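Here's a structure for you.
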Amino acid sequence: MSMNHLAEEQKTKHSPAVHDIPDEWFKPKENSQKDSEKVVRPSLSYWQDAWRRLVKNKLAMGGLLFLIFLALMAIFGPILSPYTVQEGIPANQNQPPSGTHWFGTDNLGRDVFTRTWYGARISLFVGLMAAMIDFFIGVIYGGIAGYKGGRIDSSMMRIIEILYGLPYLLVVILLLVVMGPSLLTIIIALTVTGWVGMARIVRGQVLQIKNYEFVLASQSFGTKTWRIIRKNLLPNTMGPIIVQMTLTVPTAIFAEAFLSFLGLGIQSPYASWGVMANDALGTILSGHWWRLFFPAFFISATMFAFNVLGDGLQDALDPKLRR
Amino acid sequence: MEKLLEVKDLEVSFLTYGGEVQAVRGVSFDLYKGETLAIVGESGCGKSVTANSIMRLIPQPPGRITNGTIQFKEKELRHLPEKQMRKIRGVDISMIFQDPMTALNPTLTVGNQLTEGLKQHTSVSNQEAKQKAIEMLELVGIPNPEERLGLYPHQFSGGMRQRIVIAMALICEPELLIADEPTTALDVTIQAQILELFERIQEQTGVAIILITHDLGVVAKIADRIAVMYAGKIIEVGTKKEIFYHPQHPYTNGLLTSVPRLDRREGKLIPIDGTPPDLFSPPIGCPFTARCPKAMEVCERVYPMQTELSETHQVECWLQDERAIKLLASK
Amino acid sequence: MTRYIIKRFLIMIATVLIIATLTFFLMHAIPGSPLNQERGTNAAVQANLESHYHLDEPLFIQYLIYLKSIATLDFGPSIKHPTETVNDLLGRGFPISFELGIVTVMVALISGIILGVLAALKHNGIIDYLAMTVAVLGISIPNFVLATLLIQKLAVDWGIFPAATWSSPTHMVLPTLALATGPMAIIARLTRSSMLEVLTQDYIKTAKAKGLKPYKIIFKHALKNALMPVVTILGTLLAGILTGTFVIEKIFAIPGMGRYFIEGINQRDYPLIMGTTVFYSFFLVFMLFLVDIAYGLLDPRIKMHKKEGE
């Protein structure tokens, strides 16, 4: 093959004059079938692809980093501080932020910095517990309803429909009035009707996926129901479930703060962000802004972080957006 | 015959995650008044993108027409301002889409959707528009049109809906109708009815039709001329007779032998092996080389010139080169 | 449609019944509640309770009498206001709370939809990012935090709006703003995502192919379909706004129903809690019922059941 012609082909690339093309190129090409099957782009697994897209989302990653920071501070913050949550120094009432009290002190002389991280423990604990319990009940209930289908499904859905109509926070308030406010009762009250949303999502996903051919295929091989759920259904429903969990946490954190604000949350002297904000409310006009600012800021920032992370996960895990 | 549409060197790209996809890579064809041109090819070959480009309905971004001209009568559509383009859509050129189930708005009555285009483009009264809608529904064969105007799309069957979509496209009496896979989503028996409807409408109104399809059965029924597309290029174009009885491109030939035909005795179906090339990095030479049973070295290196076999029949294939003919003859 | 309405109505009745029953038995389960055997309130109040709840009858009979009384919207006496019934308190507080709620819903709906549509139309543009950042912030900042922030800045520091009570339109600005921001953000996000989804639908392409003007495509073809999901979450939003009125009324010292509710909780005035809860639930469930009917009217596909049913 002459180098001359090759070079010329490089130059003009598209259509060199026909007579320029050497005759010896007009011979049958060998092994023509082989390269037609070759895959040009590397394929990524679903989770790799999702992770790659999540990392690209700066806002979501920022949210994730903030939450990691928050979790670390919730664990180590109170330990690092020389002050305790409950005991105040009466002489140090309502001190503005300073070198000794980074976030200032409250009306009983308690260190707001210490109380803020203690509050983070409570808020994160309530949020995570609520999300976990919702997850377990929701996945089991929704999974059974969607998988069994038919009459079982429709009667289970009727129950959900009614529970869904119950005003969430009113029920929570009512339960707390009866049970008395404590960490445990708050979590119970939040999850009594909270799992309904998760159950609906799981059921919808299961209904959609169980008719896919790969599930039918494994059914036709006589695979056991539980194995099908574990091996086929769960991995494919994880996306929306993770998103729902990420969005349950801020809802629960908000609900806890809201309840504390109504006097139905964690009781003083223990600290939660809601309690701190509520305590501070009366003094807002007296200019002790730091007492409200820190709990309010951390409630908002935490909810913001969870929301943007949830949004990012939603975009990253949505197979429709995969290109 | 009078030329209605002339597409020249059309190139369309889409910017995606993985890079630029060159969906249409230099497509040229003419369309004459009152004729039916079928654009045939596998999914992803760029036939729908070509159709949408004529209507300037390519989603922008990520899509972009990067080269070429689209001459419709005396207007050049590629650079026409959007405002003037709107006066062409639905009036001079109409388009119907694949799935009649989703092409109609579920929350508006059929009558409303039928007449809104007419009301936008002309100054008819409501009564006149309604009358025209009834006429159109009659034309496409929907019984009791007057009562049906007040119904919603979900109250019709798929075939009926496609008739409504066709009526909607024709209501402003366009000169060109682009039908993108109009029968693919329908049952076979309904398909035949819809194709007959196309034929009848063309006879009655003289509308020119560009029919986008992957189904050669559909083509055989109503096309006058056929353009075969592969990997963003038209590789062969000719009259129905020329393409069906004298296909010159190995791809066209492969398409024809891979579908059942009633007019040939030797009824063996031969599928085309392999898949079309990835248009992220289209091959320099003929894109069919990798799947072509008659591929030569030259095919891989240089894209073939167009060979004019007759006034209507053109093909882009190296097998038309005299050296290739000699080679084949020597075997 | 009739069948659909009847079905929704039955669900509404079931929900109301569950809430009423739950409330009744929970209140009787509380140790030290004036509604159970251990009595500890003053004589006049006790006499009121006796006559309303028939506390000497067996529990089940009490339950039936209670059901009858709430069916006639009689919510019984109050402990801390011995001279007044719960109905008196509701009658005074509800109109104010209702006003606050309605204004909030209107503000949230209108601004949320506008924001969402703008964001969708300028997808990935500056307006989109701006609107969605505002929306995520709106969802993340609890209404009581926003309320105190607004009081601090707009009322105390700058003195633009009055900080408390409910006596003139300018007094309504801050409470409404504090309460409407969250729902507005939710509506904006939902409108945006469903608008984006609708804009990719084939019927939008068909409308474009007809040469319709952009505003027609958006308002006639896209918006109606895009607002369906917004209608479906309206019920949940109403519930959120309703419970939100509790804290907002407390912070802004608005003499609405929420104030009595919180008062009831803080003072353990069980008949008051019971009455207000049941009334709130009735109201809310009725609103959900109306939302469902509105949805049925908006989506013609739901009317299909009428044809099948009849």
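Per-chain residue numbering starts at 1, and chain names A, B and C are given in the order in which the chains are listed.
Everything that follows uses one rule, which is that a residue touches a chain if its C-beta (ideal position, glycine included) is under 8 Å from a C-beta of that chain, and two chains touch if they have at least 3 such contacts.
No experiment lies behind these values; they were computed from the predicted model shown.
Chemist: Give the chain pair that accounts for the most C-beta pairs in contact.
Modeler: A-C
Chemist: Need the central chain here, defined by C-alpha centroid distance to the all-chain C-alpha centroid.
Modeler: Looking at where each chain's C-alpha mean falls, the closest to the middle is A.
Chemist: Taking each chain's centre as the mean of its C-alpha atoms, which one ends up farthest from the centre of chain C?
Modeler: If we average the C-alpha coordinates per chain, B ends up farthest from chain C.
Chemist: Approximately how many whole Å separate the CA-defined centres of chain B and chain C?
Modeler: Averaging C-alpha atoms per chain gives centres 53 Å apart.
Chemist: Can you work out the whole-Å distance between the CA centroids of chain A and chain C?
Modeler: Distance between chain centres, rounded to whole Å: 26 Å.
Chemist: Go ahead and note the Å separation of the Cα centroids belonging to chain A and chain B.
Modeler: Computed from C-alpha means, the inter-chain centre distance equals 46 Å.
Chemist: Considering chain B alone, which of its residues make contact with at least two other chains?
Modeler: none
Chemist: Going by the contact rule at the top, pick out the chain C residues touching chain A in the complex.
Modeler: Going by the criterion above, the answer is residues 11-12, 14-15, 18-19, 22-23, 26-27, 29-30, 136-137, 139-142, 144-145, 148-149, 151-152, 156, 235, 239-240, 242-243, 246-247, 250-251, 262, 265-266, 268, 270, 273, 277, 280-281, 284-285, 288.
Chemist: In the complex formed with chain C, which residues of chain A make contact?
Modeler: Spelled out, the residues of chain A in touch with chain C are 161-162, 165-171, 173-175, 177-178, 250, 254, 257-258, 261-264, 277, 281, 284-285, 289, 292, 296, 299-301, 303-304, 307-308, 311.
Chemist: Which residues, counting only chain B, touch chain C once they are in their complex?
Modeler: Result: residues 55, 57, 85-91, 94-99, 102-108, 116-117, 120-121, 152, 154-155, 165, 168-169 of chain B touch chain C.
Chemist: Across the complex, what residues on chain A touch chain B?
Modeler: So the residues of chain A touching chain B come out as 9, 13-16, 18, 21, 23-29, 32-33, 35-37, 40-41, 323.
Chemist: Please give the residue numbers of chain C that touch chain B in the complex, ascending.
Modeler: 201-203, 205-213, 216, 220-221, 224-225, 298-301, 304
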